[in-house]
Structures are given as C-alpha cells and as structure tokens.
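Chain IDs A, B, C and D follow the sequence of writing; residue 1 opens each chain.
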Amino acid sequence: MLVVMRPDASAADIDYVVRRAGSLGLKAHLTRQHDQTVIGLMGDVRGLPVDALAGLHGVDRVQPVTHPFRLASRDARPGPTVVAVRDRMVGGEAIAVIAGPCSVETRERLLDVAVRLKAAGATMLRGGAYKPRTSPYSFQGIGESGLELLVEARDLTGLPIVTEVIAPEHVPLVCRHTDVLQIGQRNMQNFALLNAVGESGMPVLLKRGMMSTIEELLLSAEYVLAHGNEQVMLCERGIRTFETYTRNTLDINAVPLLKQLTHLPIIVDPSHATGKAGLVRAVSRAAVAAGADGLIVEVHPDPDHAWSDGFQSITPEEFGGLLDDVRRVAAAVGRRA
Amino acid sequence: MLVVMRPDASAADIDYVVRRAGSLGLKAHLTRQHDQTVIGLMGDVRGLPVDALAGLHGVDRVQPVTHPFRLASRDARPGPTVVAVRDRMVGGEAIAVIAGPCSVETRERLLDVAVRLKAAGATMLRGGAYKPRTSPYSFQGIGESGLELLVEARDLTGLPIVTEVIAPEHVPLVCRHTDVLQIGQRNMQNFALLNAVGESGMPVLLKRGMMSTIEELLLSAEYVLAHGNEQVMLCERGIRTFETYTRNTLDINAVPLLKQLTHLPIIVDPSHATGKAGLVRAVSRAAVAAGADGLIVEVHPDPDHAWSDGFQSITPEEFGGLLDDVRRVAAAVGRRA
Amino acid sequence: MLVVMRPDASAADIDYVVRRAGSLGLKAHLTRQHDQTVIGLMGDVRGLPVDALAGLHGVDRVQPVTHPFRLASRDARPGPTVVAVRDRMVGGEAIAVIAGPCSVETRERLLDVAVRLKAAGATMLRGGAYKPRTSPYSFQGIGESGLELLVEARDLTGLPIVTEVIAPEHVPLVCRHTDVLQIGQRNMQNFALLNAVGESGMPVLLKRGMMSTIEELLLSAEYVLAHGNEQVMLCERGIRTFETYTRNTLDINAVPLLKQLTHLPIIVDPSHATGKAGLVRAVSRAAVAAGADGLIVEVHPDPDHAWSDGFQSITPEEFGGLLDDVRRVAAAVGRRA
Amino acid sequence: MLVVMRPDASAADIDYVVRRAGSLGLKAHLTRQHDQTVIGLMGDVRGLPVDALAGLHGVDRVQPVTHPFRLASRDARPGPTVVAVRDRMVGGEAIAVIAGPCSVETRERLLDVAVRLKAAGATMLRGGAYKPRTSPYSFQGIGESGLELLVEARDLTGLPIVTEVIAPEHVPLVCRHTDVLQIGQRNMQNFALLNAVGESGMPVLLKRGMMSTIEELLLSAEYVLAHGNEQVMLCERGIRTFETYTRNTLDINAVPLLKQLTHLPIIVDPSHATGKAGLVRAVSRAAVAAGADGLIVEVHPDPDHAWSDGFQSITPEEFGGLLDDVRRVAAAVGRRA
C-alpha cells in the first residue's frame, strides 16, 4: 500500500502518517517523487481500518499494491480449479453448455425441452423456480414445485440441474434438489446469501452483477471460498453501459482477464449479455474463442409464449445449431464441447 | 403498450400478434407508420407474461407507454407523502439532516458524536451496526451491540435512529431498536429484504443502487408500498460512472425528477455520492437547492481513526458549518433546516 | 414517429399536436392506450425540426419508429459492401488483418516491422504519423515524414497503408500517400472531417468513439456515405465503462449486431479495446468468431521502447501466433485469414 | 511516477527498469512492499515516451503521482482566473448567466429573445450559427448569416455574444464576430481546433465531452493555455451514463472538485445536462449552490417551434423565474447574480 502525500504536506503531516501506520502494525518506507513524498507500507494491510489513512492531513491518496482477493487468486493456486457437478467436470478440456428455460413453467414444457436439450448434447439443465424481478407485478417463479419438476427432468435425462437461490433461508431446501446453486446478478453482493452458499459446500455459479467490477466479482467469490467451498464457477453475463441497442454489453475482455487472475472456471451467459435471441449464437462462439469454460443459454421450446425472457431465448433447434458452432470453435482453440 | 412490427412483417405476423394479445385479455388497435405497423394494446398489461410479445415473429420491439410503478407514482397520490419518524416529519417544509458515523464503533465515540450532532442541530442519528462490505476481509460492523449503543444514544439525545438492515431474518431484531430501517444500495434489489421491511410497517430509507435506474428505484419502492407500508424515503447516493476522480457521481437531476414522478420524500447522501470529505459541504448545498427533502451525512469525531469510510466523513465542527450553509440555502428556496 | 401524450393532456393539446404535425407535412393517426393518447405520424420525418413536438403542451415523449440511418442500413443494400484497398478485399470471405506500430517512429523500425508483418501474413500495414493525444505534453507523431516512410514500407512489402487523418486540411496530403484514411475515435463526430473524407472518395476506416452508441457510429458513417463514398469500414475499438481493469470494454455484441444493421464491413481493434498486450490474442479470436471482417492490431518490434501505446502492443513473433489462432477460428466459422 | 513490479519479477527485470529509466533521464528509488518492488522515478516525466515502461518485463503497472495538467492547475496559479468578456467578468463574485436559443433561426426571433433576455438580466447572449449534429439529415445551422444576426443583437442590447466554432478554418471568421468562442462537447478533443482557439487569444468556453473525465477536460484546457491564451472557461454540461430518464447526468460533484483543482471559472449548462425544460430551474439552483461561476441556458421565445432542442429550452418568462431563484441562492452562498 502506498500513501501519496500532497505537494504541500508538511514534515509533521508525513511524520504523523508514519506513526499512525506504526500503530496499525505497518512499517513505512519513504520515497520522494518530483515534489511529493510517497510512503510505502509493509505488513498485512488487509482487514485493517486503513481507509482512515486516506483522510489524514496532507494525504493526497492511498494506492493499493496487491490484489485484494487471496483465495480466488492465481497466486493461491497456480493450476485451474475443476468443479465437479455429478459426473460433469467444469474447468477442464471440455466446454460445459448449460441450457434451459429462464423459468420453470409447466411439467410438460420442462420435460419436453430437457429431453431435446439432452439429445442435442447439453451438459446441464438450467431453470428458475424462484425469480427475482425488478417489478413486483412481474411473474416471480412457481417456487418449490419448480424444484421438484427439475428433479424429475434430471431423473429423465441424467442432466445435472442449475437453479437460482434468492434468499439465505431457501438454501437448505434448494440444496436438497439442485446440483448447482446459482447466485443471480442482483445478489452478487448479498453477503448473507454468499455466506449461506459458502457453508453449503455445493457447487456455486456466481453471476457478475451488471454493475460490478471484475475485482468485486472476485471478492464475492472470496466470501464463498472463505467458507472452504472451492466449487465456484464465475459467470460473465453482460454489464450495464450507455449502449441501449442491446440489453447489456458482454464484457468479453473479462474472459481472458479472469483466466489470468483466478483459477476458477469462467462461464458466459450470452442470453442476458445480449438480450436478443438473434445475437446469442455469434456471441457464444466468441466466448468459447476467448477461452470461456462454459456457456449458460436460455432455451425455450416456444419463446413466443415463454413466461419470462422470451425475447432472448432460442429454440431447441437453434440450440442444436449453436452447439455445432461451439464444437467447431472449441476444436479450433484446443477444447471440445 | 405498443408493439412495433418490422417493415417486412407479413399480414399473418400482424394477425398473430393481435390474436395472441386477445388471448392475454388485451384489445389491439392498429396504426400504420411510414412503412411499419404499430399495434397499440389496451387493458391491464401489468403482471402478464407480455415479454413474450417481443419475441413473436415480425415484431421489432415492444414499447411501454405508462410508467411501470403505480403506488409510488404521483398519479396515485398527488400530494407529498410526509414520513413521520417519532416527532420528526420528513417530506414537509423542514429539511431533515441525518448525521452520524459510518459504523458504530465504541460507546464513547458514539455518545460523544451524538451529543455534538444534537447540539449542532441534526434531525436524526445514523450509524451502521451491520455493514455489507465488498471484501470479506473488511470490518463488518459490531452487530447487535451496535444497535444497543444506538438506543442509548437516542435516549441521551432524543435523536431518532437510522440504521441498516442487511438480511430478512434481521428485520425483527433491528425493528426493536431502530426508528428507520435503511436498505443499502447493494440491497436495493434484494426482494426478500424489501418484502420483509414492507411487512414491518417501519419507516424505510431506501438507497438507490449505484447502477440502478430511477425507474428501478421506484419499482423497488413499489415492493415496500405493496405491503401497505407507505413510510418510504428514497435516497440518491451517487451512481457509478466512468469518472474516477470521485467515488460516485451524484445524480442531481434525479432530485427534481423524482419530485415530479413520485410523492415520496427524497434524501441525498453527499458522503457516498462524492467519497471525498472536501466536497460534502458544496454538494449538500446543491442537493437542498435542487429540492431534496433531506440529507444523510457521515460525521465522525476523528475521521483519521474511523473504522470505515473515514476519507468521506466530516467532523462535527465541519458539520456545524454544513448546517449553516444548508439553512441559508433552504431559506432561499422556501424551506427551513 | 409516435407522439405519446400525457394522461392529463387535454383535447386541445391533442388537437394542437395534430395541427402542428399537419403544418410539417405529416399525417396523424390517433390511438388511445390505457389512459393515454398516442399519435402516429406518417410522412418523411427526417430533416424536419420535429424536436419541437417533444416540447408541445401535453406531450409526454416522442418515440422514433424507424432507424435514423438510411444509406448505411441493410434496407439500402441487402448484400455486404466489399471495400477494395488496392488488391485486398475487405468484407468478403477473407479476414483482413491490419497490423503495425501505433506511431511511425524511425525508418529502420518501420521497415523492419513491415517486412516481418508481411512474412507473417498481415493484410495491410498501419502506422500513425499524426497522433491525437489527450495531453499536449505527449508525443504527437512525426507528421509528413511519417507518411513518406509508410509509402516506402508499402513499396518494399506491397502491404497497403492505413493511417489516421486528424484535420480536414490534412486530407489532400494524407490521401496522396495512404490507401485507407483512418478516422480516430475522438474524431468520430468531427463532422467537418467526415465531410472531407467523404468527398475524397478514398477508403475510410471509421472508429467508433469510446463514448458513442452504435446508432451514432452509423450516423457518422452516413456523413461519409452521403458524399457518395461507399468505401467505409466500421471499427469497434472498445467503449468506456465503469470497469477499470482494462483500458476499454470491447463491445463484442456490436459485431453481430452491426452485421444485422448494416452492409458495411466491421473491423475490431483488440489493442485499444483491451489496453493490455496479454489479452490481445484471446480477444482477436473472439472477434473473428463473432463475425468480424477484420482486425487492426498494434505490433511493435520492441514494445518496451515504443514511443506510444507500448503496453498494448504485441511483438511480430506474438503476431505470428495470433495469426495462427485467427486462421483456425476463421476456418471454424467458414472464413479464411 | 511509480513502477510497480509483479511479485514474480526477477532482479534482472528490476535492474532493467532502473537502467531504462536512467536512459530517459530519470532517477530511480526502490521500495519493497509486501512481496513486490516499487520503483519511484524522479525527473520530468512529462513528454517522454514513458508508456513503454508499462510494457517492460516484470512490470505490473505504472502509476502517475502528479496531475498531468500544469497550467490549468491550482499549483500554477493559486487565485482564481477572472475572464473578461468585454465589460463582464466571469470568475469573480458575480454569477454569469448566459442565455439564448440553441440555434440562431430568424432575425425577428433572435432580436426578440435578446431584448427580453437583456430585460430579465442575462449577462451574455448565446446562439449557434454552426451546429454539429449527430445525423446528416438534421438542421446544421444557418452559418455566417447567423453570426451577423448575433452582432446585430449585441449592438441592440449590449450583451456580449457566445457562439460555437466547429472547425479550425472557421476560427478567424467567427472571431471577427463573437466575444466568446464556444467549443462543443464533441470537439473537446479536436486538438487542431483547440490549437486554433488557443492561438486566437479570444475568450473560450470549453465544454466537457459527454464521456470525458475531469482530467481529460483539464488536459484539453491545457492545449489552449499552452498557447498563452488564459481566457478559458470550463463548462460542465452533463455526462453520459446508464440512466435514460434524462438526456445526460449533470456531474454536480465536478463543480466543487474543479474549483479545487483549477483556477479557471466553471460554467454549468443545465439545459443539456438534463434535456428536460422542466428540470432546468432546479438544476440551475443546484449549480450555483455548489459554487459554479455561471450558467449557460437555452431560452427560446417559442420552444414548440424551435428548430433544435426545443424540448430542453425554457421561455423568456421562465428564464425570469430562473434568474430570481439564482439570485436568492447566489446570495445564500455569498455571490450575486
């Protein structure tokens, strides 16, 4: 951590910062840059109320030197983490392709799409039973009965299940049914929920908030990892920008960058990242080409009649075409799907 | 709701949309614009799975016509809502100035600052007992003992208490101590929490998410209002933009805009909105000049040693100066503080 | 164009809008939605001072129905535009890979890198002679002598030249040397410059502004096209967002979206879009997988000593590896490089 | 300037950076932080191709220590710059209120509004003769005849003129007519134009780009100042964010922050910053309360029939009310209007 003093800082100001750092257990080294003094602090600065240094008299700003995440860092584990979801491995050579409807609707529709996804070659089945929605007047999911339908679909197809959990008190119930706990983008910084899924020991799919930085995503993963739960998959699903033609802007840079920063697998959600069914296939190819370890795609047998997100859902037939594309691109980058 | 068809939409496409709308209980009226057909839909479109219309063949896009919030709307209540917090009224002629430390730290410090804030003329006391923090390694608040210290400070000064609640299961406990439940920006779309505070019937201070739109803020308020809890204060606390000189960008436009859209009172948080103690006073003046009904300001007796957010906290002395400014500006716009 | 009236608009307000539209040569059709009247306007609304309708009494807002760009639209030309740069075709089956240093520095370095890029398989040579720089204290390019060095490099290697033009009065000079006129991101809305390159008839590489929407990019292309110059390549080079780990955020969604909206070829700049040499290769693969017609990559024989943008430049050896990747991904999507 | 090395940097890497810095005329001091070496560089780093250091082997990143702007800095001139526009002073005790139509339209309208603005108490008259427009199909201004009408309005009222210049070759012509050269937001980084207005010696109103940082604004001012032209007024006119209810988001934080960073006067444009006539008055009060030295407001005698930006223009009557508000708030903060 570096404390950059203002050009007009007095010797007393500098001395005070050094003594204050000392009282926090940190050793200080001074350097003079141009007309400013920079104080380097050594020791474990994490967890200390060091924000305060930024407010000391004569201080211009405080600059961190090391990444604030530890367990998620490549430094903590040089090789990749492979998350095991039943017999499917995420983060190895194979690209995981998770697919299914936004919401679980009826039994017929879910089983129908599950069978078709299995036939097309999907790796896992997704579907929402509990839906966080911006408006209280929107459809909020069918709840526990949706979890039971997902289990029935798994029994029928063998596809492991991914479903969202939206409150800490739901975690035990959802764990009894699902194979992967999904944390939605609005809950990326719901720390009570992160702690609960951390304690569960279940595989977690952690979606990046639409307003969250890559560093914040890794710090949220850190909450889960700090409970000893290493089964974490990160999901880039598009960020909010000024562009309004698309629902979100897929941060494709984040894919190779996360592969450098962390050992955790990276999944891309092309459906939310674009908000347009007509862009999903091209963006899926891009994600795999950039190094993603998997995709999570909204597929609905009849998008026109979907109860949510129909505009960004593709059909099972289109999903077959997407998988063909993904297989070709995966082969071109030394992976398989 | 308007359904704009693509220029190449066929008569069958248009017919299908009209029949589909009919099956949803909506009446359709067609207009032809330039080379496109626009279908106006009448009936109550709220709560229906109308997303699906956006995915129908030949549809270019769907445009809402009315605001999606109802209870928060000026249409629902032409006059202003005045929230009563014990004997303090928020949303009337008087500007409410809520002040206090980011976190409750020790008993001595809290009582010290509470007494000084009372003397300076603050309206309520704020202080965090439970702190949502980006990193699991940061200070997370002192918990329930912090609530008890806040009560002691209220008993001593008469200042009503504002404190944050971060999980639905905490709501009953926090309600037993506080006068206002604060929902932090990361929890603006934690719908389980919104439902819980809605049911509590307690006054709520709802902070806008740092990347949430004004419409999303009003829809989150709608979750609380839909439980019959009308004691909601909205809080603009800065949004995330590309500018990095300041921690956030105060959306000052939101203040008069919210006054037009909703009957709920608007509070501004100049501390988080700037992230720099040196800007808090000027921005507080601006907020009051723009029509805000109150301020929530971080004040710490010794910002250099604060356990969190010291860099944006002002001292009780500086707070006195801020209040002087606010009183002058309030008088200039026909209010008082 | 739709004029949405406020719920409280009077019959006189509506009548006034209809008459005002009539005076602008537009025909009006009324629809009543829920409790609001919507007025559809027919006729050629482009070029008229129709902003004014938004300010009429009782008007809530005005919504355009058709895209504001015409010549750049797929409607104007269903098939793709193929831009011919000497004997290289951009927008056809082959992926164009433009490479070279950010700035032209010395003769030795430029000829050295040009020869190595030619050997690796680059399609064209890029290099800046005039450099727009945020700070007046930064290196601003070597000017006209840089243009002459580029010509020498083309004579030596046969690679066509791409170089930036930064002011209308430079256009004739730069045209005498270069094969493609590049418009930098800061100049995307420098309309005097767009008019000048439009009149030149030369192939143009138009970079999207870091703050510009896709629609604004297409409208800037429209300025060039309106002069009868159809030789326009669009370039996505990253947009400015809240994320600071990377210099910009590549808007990968824009690639397939632009392919749907326009017939013009799309080039991606992975160097500026990431600002990190270590991400350029992965992002280049993603761009080609998403459907880009070309890449423009900063390559420098010795990035450590580059006079600008060294941190995002790759070496000629790394460029060889990038081209290998690009060839494999191109083949996987039915293209070649 | 600080060079932060990666944890795995070798001694040879560090040694190379030190020698490379030496060859650039910089002295290096080493500090070891936690497990990373930080190299402080002393000497004049401005104008050197130091970007290259960021690309050296083992370097994690380079952090600047001092602000990159010099002449615009408070360090360069501790007191405020007061810009003299004929007999009006901007940057002193009085708030400058510049008002007028977006575009100069007809002689009658311009003279009419000028007389009414003079009567209401405006300080200067604004009006665009050359209009940069996103679409080539939009009204582009009436050109030179507009300049002549502005002169006539000045002769009639005594109000100094502010008008935009959009190309370097127009500068001499516009200088012959106007009192202040306005640089629009799209041209904030049109460096050829900045150089031209710098050489002109005329007062300049420099608008911040809608996605430009405060630092970039100050660096653009630096281009003008570096020509010896110190008559520069900065203008905050709203930035582009994710919020779409308003046309832009006024960065009110920028007002007190710029007052701290620079000696140049700060003007706020509430019309573009909101894009809604109904918000202009409240936001004008906020700007003055925050410490702005002036306002620039779009006023049109008949906004419904304005040829551009009618939706954000207020009437002369509303302008009178705005000025009343501004005078009261100015008095509350020790200024006058």
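As a convention for this text, a contact is a pair of C-beta atoms (placed from the backbone, for glycine too) under 8 Å apart; a residue touches a chain by one contact, two chains touch by 3 or more.
This is a predicted model, so every value here is computed, not measured.
> Which neighbours does chain A have in common with chain C?
B, D
> Counting only C-alpha atoms to place each centre, which chain is farthest from chain B?
Max centre-to-centre separation from chain B belongs to C.
> Between chain A and chain D, what distance separates the C-alpha centroids? Give it in angstrom.
39
> Centroid of chain C to centroid of chain D, CA atoms only: how many Å?
26
> How many angstrom between the C-alpha centroids of chain D and chain B?
For chain B versus chain D, the centre distance works out to 31 Å.
> For chain C, what residues touch not just one other chain but two or more?
211, 240-242, 244
> Would you pull the chain A residues touching chain B in the complex into a rising list?
For chain A paired with chain B, touching residues are 20, 46-47, 49, 51-57, 68-70, 132-139, 166-169, 186-187, 189-192, 209-211, 216, 219-220, 222-223, 226, 240, 277, 303-311, 313.
> Per the contact definition, I'd like the list of chain D residues that touch chain A in the complex.
Result: residues 1-2, 4, 7, 29, 31-36, 38, 40-43, 45, 63, 65-66, 75, 211, 240-242, 244 of chain D touch chain A.
> Quick one: in the complex, what on chain A touches chain C?
Touch residues, chain A against chain C: 211, 213-215, 238-239, 241-246, 249-257, 259-260, 273-274, 276, 278-279, 282-283, 285-291, 325, 328-329, 331-333.
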